[in-house]
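Order of writing sets the chain letters: A, B and C. Residues in each chain are counted from 1.
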Amino acid sequence: MLLQLAYRNILRNKRRSLLTVSAMVFSSSMLLLALGVSAGKMGDMLASATEQYHGHLVLSRTGYQPQRDMYAHFAPEDGMIRRILEHPGVRGVSPRLRAFGLLSQDTSTIPVEALGIRPEAEATVTTLQQCIVRGAGFDSSGNGCLLGTGMARKLNVAPGDAIAFVTRGADGSIGNDLLTVKGIFETGNTRNDNQLVLTELPWLQQVTALDSQIHELAIAVRAPMQAAGLARQMRDDFGNDYTLQDWSVFLPEIRDAIIISHVSNSIIMAIFYMATALCIFNTFYMSVMERTREFGVLLALGMRPGQLRAMVLCETLLLGGTAVLAGMALGFCMNWYMQDIGVDLSGHVSPISYGGGTILPRVRAVIEPVRQTGAALMLLLVCPVAGFVPANMAARCVPIKALRGE
Amino acid sequence: MHTSNSLLRALKAMAIMVIMACMTALPQPVRAQGVNLQQLVRQVEEQYNGDSSHITATMHIVTRQWERSITLEGWSLGRELCLTRILEPAKEKGVSTLKADKQVWNYLPKVDRVIKIPPSMMGAPWMGSHITNEDLVKSSHVDLDYALTLEEETADFWRIACTPKTDAAVVWGRIVYTILKDHTIPRDIAYYDDAMVKVRTIRFEDVQHVGDHVLPLRMIVQPSEMPDEQTILQYRTITFDLPLEESFFSLRTLKGK
Amino acid sequence: MTLIELNNITKRYMSGNQSVTAIAGLDLAVRTGEFVVLAGPSGSGKTSVLNLIGGLDRPSSGTMTVAGCQTDMATDRELADFRLNMVGFIFQSYNLIPVLTAAENAEFVLQLQGIPAPIRHARVTELFAELGMEGLQNRRPGDLSGGQQQRVAIIRAIASEPALVLADEATANLDSKSSTDLLEMMRYLNETKGTTFVFSSHDPLVIEQARRVVTLHDGRMVSDTGSRA
């Protein structure tokens, strides 16, 4: 009965209700879009940083990080990689050897970081091999390499060219050999594009005199944002000789950026909630003021003040619920669109490297069902809170005064 | 022995440069208690290197992870030019280094390439030793970049402290030479960083007569932070005043032979 | 059986800083099944008396019992229940709930009482028929004439078969034909169902119809014809 009354009361002033509902639909769908776009931006940034280079988790000998001490290498024991891959949260594992050295062609010599990888394994962790803009990928030659556009420009090399790599061997010798450029990648990340060269693992092991040794296992997981938790779960499997670190250790700026974005999202949410609350408060304050006489009648007929309060709260919830449902539908549709299609800005802005990640020149949304639905449902909570004061006003009506229209 | 030369030079020749620079640039030579420091250092340098030289040497490098010996030969002409070539071990035979025009090139026979060391790598170890590329190049300019003061004088030695001139781009925060009065040969040189923390010491030993020169034939580079690591450069032969042309110190020679 | 008993009731209102005495020491007793008119000039205290009897307000002093409830002592909650279960109200300006249909308005009190829908419908449909309002059940109050609205208000007041129906100037907004019809209806209900009616009016036509007329002046009773049974 209260619900029916509430429902009829909302329909009574159709224009006002419609106005309030559209304001709320607009604000809640915009809130969802803002959250989706922000999640998209963070996702892009995290993906670019982790999926271009680090991976989500890195297992290395204790003492390898952060100095990357070339002597802290290890030969992965039998089944180590398989065991990691068997973990349900893990998507891929790539063994890597890292060496710092010089890459030289004609008169140009630049310091580089060489990453010795197995191409197929690396492809399960990073997308570098998908970013090739010239040339192809690794082939069976064994001494192939992939390097970034910036480096290719500085060295003035093209696919097919042979370049010299020099580094210090683990035995103190001068490790040097020729590499053949097989492909040139472009990630948008300055560091990767200017300093990184991918070689085949056995080749780099031989040049650095580190036969069958690696420096790290880069691991890709299914839920990057939860990587730290997974690392905690898996850590015990390896003992103290090894250290398993998640991306937030390597990319503190991105971790901070994500925290900051959560905070700023909360502020945006608070503003949206505030605006919605004011909107609801205003609507219902007016509507209650207009209806004092009617409330007097209801009280005279025997309705209890509590029922009157419940009726007004029902009205706010009905109005808010409708609006939030419609807003969620609209918001998720927009996010969907932005997730699938997005807005490409590459014609107007170039990628920005930040904290090891890249902010791509596009606006893209990511649907995070739990977080976003939660944010929308919070709006539903805002309704009765904002409606509480008007509802109480209604409940405090004195029948004779209300009847007299005071 | 570009290396040795370089090193010696690097270590000592700074002094020469200092002397020369001071003589030409400064209105008055720096004097302390009757000693002309530039003159003194120049004397040391001139005693040490002829106009040109050829050396053979063994460099023994000890690090925490490995220990190895390299035999090399080297040529030098004046302060600015030198060339070294590795003779042993076989794996690295023919790896050569040319220092000219304050720059360093390496030749790698295995890949048949000449590699110019980029500025950012000048601080990296030379041939895996505790000597850096920077040492090969910059040390000969210590005289220009640092101001000299006589810090101590005993019956046996002079101690000369070098502090960077205000706007000089230098590697070290302070360098202290201890030069023995007998034959004017160096005993040790200590290097400090900007925070005045000692980074390494170079000791000189095995003083021998070589023709009409008297010089220490052993040089020991000791990093302060790693007492269990060091590089020992032992000169085997030194010949002074060869008929070397400037054109010898070319990229062609670096690759050739 | 005495349904309403007022003993030395006084009601004062505060208007601004001034205290207005609307009722001054009123004693009144009404028995079940009576049909009483409160008469008197404007400002004489008719509405005030009805509000007190209906449990919409409490007296400033004196004691009163209505349908077994000591309304001067009751809490708000008890008064609400008292109004719901004991009293039917008919207002001068009908005061139907505009968002509900005629039938829904009529059923409203029953609904508050928690009477199941089929019983409600049956009872209200019967009353609509009895009062000649068939076919109007689904109209909104705005689509009904004043007389029709007031009939709906009467159905709402009597549907729950309260012990007592109070009507304040129920005919004041109606033409004489409608007024007469309405009055006849109330008489009819009073006679057939035994419902006790107390209503106020200064319309001689209405007063004529009453079995008992209580005349007020300045909050005092100046005459009471008594039961003309």
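By our rule, a residue touches a chain if its C-beta (ideal position, glycine included) is under 8 Å from a C-beta of that chain, and two chains touch if they have at least 3 such contacts.
Just so you know, these numbers come straight off a predicted model, no measurement behind them.
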item: Chain nearest the overall C-alpha centroid of the shown protein atoms; value: A
item: Farthest chain (mean CA position) relative to subunit A; value: C
item: Between subunit B and subunit C, centroid-to-centroid distance (C-alpha), Å; value: 118
item: Distance between the centres, which are taken as Cα means, of subunit C and subunit A, whole angstrom; value: 68
item: Cα-centroid distance, subunit A relative to subunit B, in whole angstrom; value: 54
item: Subunit B to subunit A touching residues, read off their complex; value: 61, 63-68, 89, 91-92, 95, 106, 108, 110-111, 113, 115-118, 120-121, 125, 127-128
item: Complex contact set, residues of subunit A against subunit B; value: 71, 102, 104, 107, 109-111, 164, 166, 168, 170-174, 176-178
item: In the complex, subunit A residues that touch subunit C; value: 1, 5, 8-9, 11-12, 293-294, 297-305, 307, 399-400, 403
item: Of all residues in subunit C, those that touch subunit A in their complex; value: 51, 54, 56-57, 76-77, 80-81, 83-85, 87, 89, 91, 95, 97-100, 108-109, 111-113, 156
